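Presented sequentially are two complexes of chain A, the first with chain B as partner and the second with chain C.
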Partner chain A sequence: MTTVLFYILGFIMLTATLLCITRRNPVHAVIYLVAGFFALALMFYLLGAPLAAAWQIIVYAGAIMVLFLFIIMMLGLAPQETPEGPGWRRWGPLVLLSASLMVCTVLLIMQDPAAGKEIGDFYLAPQAVGESLFGRYVLAVEMVSFQLLFATIGAYLLGRPLSKGEGQ
Partner chain B sequence: MSLSDLLAMLPILILAFGATAILMAGAWYREPLPLLAGGIVTALLGALSAGLVTPPVPEIAGLFSAGGYARFYTILWSLLAAAGLMTGSRYIIEKRIGAGEYVSLVLYAAAGMALLSSATHLVGLFIALETFTLAFYILIASNRNCALAAEAGLKYLLLGAVATGFMAFGIALIYAASGSLVLPDAVMRLKAETGELQAWGLLGWGMILIAVGFKISLAPFHLWTPDVYQGAPAPVTGLLATGSKGAVVAALVGLLAMSGPVWNDLTDLVWLLAALTMLAGAFGALGQSNLKRLLAYSSVTHMGTLLVGVLCQTSEGFAATTFYVVVYVVTSLGAFAVIASLADGRGEPMTFDQWRGLGYRHPVRCGVLVLLLLSLAGLPATAGFMAKFAVFHAALQSGYIGLLMIGILASVISFAFYLRVTMLLFQPDEKASSWHQGSVFEHTVLAVCSSAVLVLGLFPGLLFGLIRQILP
Partner chain C sequence: MTPEMLSLSNSPGIFIGVMLVKILVVFMVVMLSVAYATWWERKIIGHMQTRLGPMRTGWHGLLQPFADGIKLFFKEEIIPTQATIVPFLLAPAMILVPALITVAVIPFGPDLHIGNFLIPQQITDLNVGVLYILAFAGLGIYGIVLAGWASNSKYSLLGGVRASAQMISYELAAGLTIIAVFMLSETLSLREIVALQQEPLWGICSFVPNWYVFTQPLAFGLFIITGLAEINRTPFDMPEAESELVSGFCTEYSSMKYALFFLAEYANMIVISAITATLFLGGWSAPLNWGLFNMIPGFVWLLAKVYFLMFCFMWLRATFPRVRYDQLMRMGWKVLLPLALANVVVTGLVVVVLQ
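And then the complex of A and B:
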C-alpha cells in the first residue's frame, strides 16, 4: 500500500513541477508548484517524518508561495487577457492533481487514523528532530540564523532608496 | 557545545561577532574610516587568535575540525579579509557604500571560508559554503548605480543557486548510500565490497563535483566567471577570485586527505575536467581586451592546475595544492588590488586602451602588476613558478604525463597573454591619462603581496615545511 502511494505521489509531484515550469502564466505556475509541494509533504509523511511534512505545508506551500503570489500580483506580472480555448484546459489538470492528492490524503488517514507509527518502518518523532537540532546540530542552527541576519542586511543594502551621492 | 568547543572556535567567534558589532555600530555611526579600521583590527585579531590559541578539542561540535589545517586556513582567510577591507576602503568611502554593512559582510564571508576549509561534516560543509556565497551575492551588487554590477550579482546568484541545488542533491545521495554525514566516514563507506564506489555514491560525488565546478569555475561551468569579475568592483573581485575559490579547494583537499583514495572511479572524469579547464582558460584569455576578464580566464586556468594537484591524491599532491592556493590567493589579490588602487571617478581602468602606456604614469604600481602577472604566468624566481613546479612534479610522480603536457601547454599559452599586458603597460603612449594615486591602505596591501610573492618564490621551503606538518 505505502509503495503504491509512494509512486502515485511521485507521479503527481513530477507532473505538477513539470507543469509549473512550462506554464506561461506565472500565477498558474505558482499554483502547480503548491500542488507539487503538497505531494512532497505527503511523501515526507509516508517516509515517517510528520514534522517535515507539516513544515513543508506551513512554510513552503503556505508562507513562501503566498509571498510569491503576492509579488507576482504586486508587480502586475499576471497576463490580463484570457487565452483562447475551452476553460477546462486551464483548470482541468490542476483539478485532477488536487483530486488525486485528496484521495491519497484520505487513504493515508484511513491507513493510520491516529497519526501513529504504523506507516513505514521508520518514524521520526518531532521531539527527536528538536533534540537533534538544538543538541547535536546547534552550531549549524546558529550559523543558519546568522545567514538569515545577513540576508536581511543584504535585502536592506540592495533594496533601500539611493542616498545622496551614493555610487557616484 | 561546551566551553572548550567555544574556545576552539574563538577565531570564528571573533570574526562573526566582530562583524555583528560593526554592523550595529554602523547603524548609528556612519563615518566609514573608524568602521573600516575596526573591521581590519577584527580580522587581524581573528588571524592572531587562530595562530596563538591552541584549541583544547580536536573537533568543534562534530561539525568542524580545529586541527592545524583548519587553523592554517583560518589565518589565511582572516588575513585575506583584512587585505580585502584595505583594498576596498577607498571604494566604500568614495561610492558611499554603507561601511558597516560592507565591513561586516567581508568579515562574515571570512568566517564562512574558514569554516568551509575546516568542515568535517557534510552539513557543516554545506552551511559554510552557503555562508560566504550569500555574503558575495550582496557584495558583488553593492554599488547600486552600476548596471554591470547588478548584472554580475544576479548572474552569481542564479548560478550559485543552481550549484547549491547540485550540492544538496549530491549530499543527499551520499547520505542515502553511506548512511552517514560525518566526514570522512560518509565517503569511505561509499565503497562496495568489490572496492568500487556504489552507484548512488558515484552519482552523489558527480553532483558535488558539478557544484564545486560552478563554485571554482571549472570548464564547462566557468562561463559566468568573466562577466561576474568584470561587473563586480575590483576589491570584491579580489576576494571572490581568491577566497571563495581557495576555500572550496581547501575543503576538497581536506576531505580527500582525510579519506584516502576514494576518487579512483572518478579519476578519468576529473582528468578530463582538469585538462578542459586549463585549456579553456588559456585559450579564452587570448582573445580578451579587458584586464579583469583576462584575469578571470587566468583564474580558470589556475583552477585547472589546482585540480591536477588534487587529482594526484598523494600527500605530495595535497601539499603542492595547498601551497598553490596560498600563492594564487596572494598573487591574484595583489593584481586586483592594483586595479582597485587606480580606480577614480571614471571607474576602474579595465580595457587595454586604458592600460596602454600606464607604466610611465604609475611606474611603481604597474611594476608590481607586472611582477604579479609574471608570477601568475609562472616565471622562475616568483612564487607562481614554485607552485606550478610543485603541482607538476606531483603529477609526474603520480604518472599523469598527459595531463602534465596539457598543463605545460596551457602555461606556455598563458605566458603569451600575460606578456601582452606587460608590453602594453610600457608602450609609449602620449594619450595615457593619470589615474588615482592610491591610498596608504592600498599601497600596504600591494607591498605585502609583492614581497610575499618574492619571498615564497625564493624560499618556498618555509611554507612547504609548515604545510607538510599540518596536512590531515
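And then the complex of A and C:
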C-alpha cells in the first residue's frame, strides 16, 4: 500500500515539475509547481514526518508561490517569444547536466549502499523536531537565521529611497 | 471492560460509518449556517442603520437565503470570451474547498461512550492540527488570485494582486500569534488544547476555566485582526472594494459561480470564528464551571461562541469604513508583526520564569 502510494506520488511530482519547466505561460508554470509541492508534502507525510508536510504547504505552497504569482501579475509578463539560434545550443547544457545526473543515479543504485535495509516504520513528532532544532543543531539554525538577517538588511539597503546627493 | 478508542484497525465498518455520519452532519451545519449568515448579516446591518432588512420573504424575511439561491441559480451564466476557461471555472471551488476542509480538525464535544467504543466528537485529530489549519487557510488565496487573473479584466486582476499581497503580509502575523498559544499548551493538537482550557484558571480559580483569552489577550486581539484580513472581510475587503474596483476579483462572475464566492466568504467567516473559539475561548467547553452549564452539550457552546464572533464581525462591517491600502500594509508590517513577535518573546520569558 505504502509503496504503491509512494510511486503514485512520485509520478505526480515528476510530471508536475516537468510540466512546470516546459510551460511558456508563467502562471501555468506556478500552478504546476504548486501541484508538485502538494505531492511532495504528501510524500513527507507518508514517510512519517507530518511537521515537514505541514511546513511544505504553509511555506512553499501557501506563501512563496503566492509571492511568485504576485510578482508575475505585477510585472504583467507576456509569454516569451521563441529565441533565435539552433535548438541544441539552448538545450545542450541541460541535456548534458541531466545525463550526468542520470548516470550518477544509475551508478548509485548499482552500488546500492543500503542493500537489504528498509526504512522502518517511523513517526516524527513535532516535539522531537523542535528539540533537535534548538538542541543539537542550534548553531546551524542560528547561522541560517543570521544569513537571513543579512539578506534582509541588504535588501533594505538596495531598496531604500535615495536621499539627496546620492546616486546621481 | 474499558472502552477503547474507535479506530480503523479495531472495527473498520463502524469506523467508516461513524466517520461518514460525522462529516455529513458537520457539512450540513456549516452549509446551513452559511445560508443563514447571509440573512443574519443583512438583518443586523439593517437594524444598525435603522432599516428593517429583508422582510418580504417569509416571516421577517426568513426564507430570503432560499430566494437568493433560487434567483442566482436561474441567472444566465456568462463566461467572458477572453477569459482563460479552466482556471475561471475552477477558481470559485478553489476558494470554497479549503474553507470547508479546515473544519475537519475542529473538536465539537467530549468523547462519546457508545457500546465498547469511545467516539471522538471531531472528524479527525491530527497532531499537527493547528498547522493543518494554517496550511489550508493559506491556500484559499489561489482561488482569488486565479479568479482575478483568469477573468482577463483590469479590475479583477487588481483585486487578485491586492489579495495576494494582503495574504502574504498578514499570514506571518497570524502564524506568530498562534505560536504564543502553543507555547502555553505545548501541543499542536486542537483536542488537547481544548482539554487544557477546561482546567481551573491559572491553576487556582476553579470556577472560571483556563481560557487562553485570559492569559493571551493580546494574541486574541491580533488573531482576530489578522484573521479578518486573511479572509478579506470588512474593514480589510480591499480585493473587492466596490468603490474603486467594481467588485474586484469577482467582477466577471455571474450566476452560481458568483454565489460560490459568497458561500466561500461566509464559510471562511465560520471557520475563523471556530478556530478563534477553539484556540482562545475554550472550544466546546462551558464558560463557567457550573452544573447547569456543564449539562448543555458541547456543540451548543461551540456554535454559540462561533455565532457570537460572527455577530462581532458583522458589527465591525456595519461600523468601520474600509482601510486604505497603504494603511493596511503599514499596519500589517509595522504594527501587527512586531507586536506578535514581542508577544512571543514575553510569553517565552514568562514560561521560563514560571518553570
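Following the convention adopted for this analysis, the second predicted complex is superposed on the first by the 116 of 168 C-alpha atoms of A that agree within 3 Å, B and C clash if a C-alpha of one lies under 4 Å from a C-alpha of the other, contacts with A are read in each partner's own complex, and residues count from 1 in each chain.
Everything that follows uses one rule, which is that a residue touches a chain if its C-beta (ideal position, glycine included) is under 8 Å from a C-beta of that chain, and two chains touch if they have at least 3 such contacts.
This one's a predicted model, so the numbers in the text were calculated from it and none came from an experiment.
By the touch criterion defined above, A:Val144 lies against chain B but remains apart from chain C after alignment on the C-alpha atoms of chain A. Of the two partner chains placed by the overlay, neither chain B nor chain C lies in contact with A:Leu96. In the superposed pair of complexes, A:Met74 makes contact with chain C only, with no contact to chain B.
Within the superposed three-chain model, A:Ile153 lies in touch with chain B and out of touch with chain C [touch as defined at top]. Legend: residue contacts after superposition of the two complexes on their common chain; A:Arg136 is shown touching chain B, with no touch to chain C.
In the superposition on chain A, A:Leu51 contacts chain C only, with no contact to chain B.
When the two complexes are overlaid on their common chain A, residue A:Ala63 makes contact with chain C while staying clear of chain B.
Once the two complexes are laid over each other on the shared chain, residue contacts for A:Leu162 go to chain B alone; chain C is not touched.
Residue ranges on chain C touching chain A, taken from their complex, read 87, 126-128, 131-132, 134-136, 138-139, 141-142, 145-146, 148-149, 157, 160-161, 164-165, 167-168, 171, 175, 188.
Contact residues on chain B toward chain A in their complex (touch as defined above): 1, 5, 16, 20, 23, 60-64, 95-98, 101, 104-105, 108, 115, 123-124, 127-128, 130-131, 134-135, 137-138, 141-146, 153, 345. Partner chain C is touched in their complex by these residues of chain A: 27, 31, 34, 50-51, 53-55, 57-58, 61-63, 66-67, 69-70, 73-74, 125-126. For chain A in complex with chain B, the touching residues are 136-140, 143-144, 146-147, 149-151, 153-154, 156-158, 162-163, 165-168.
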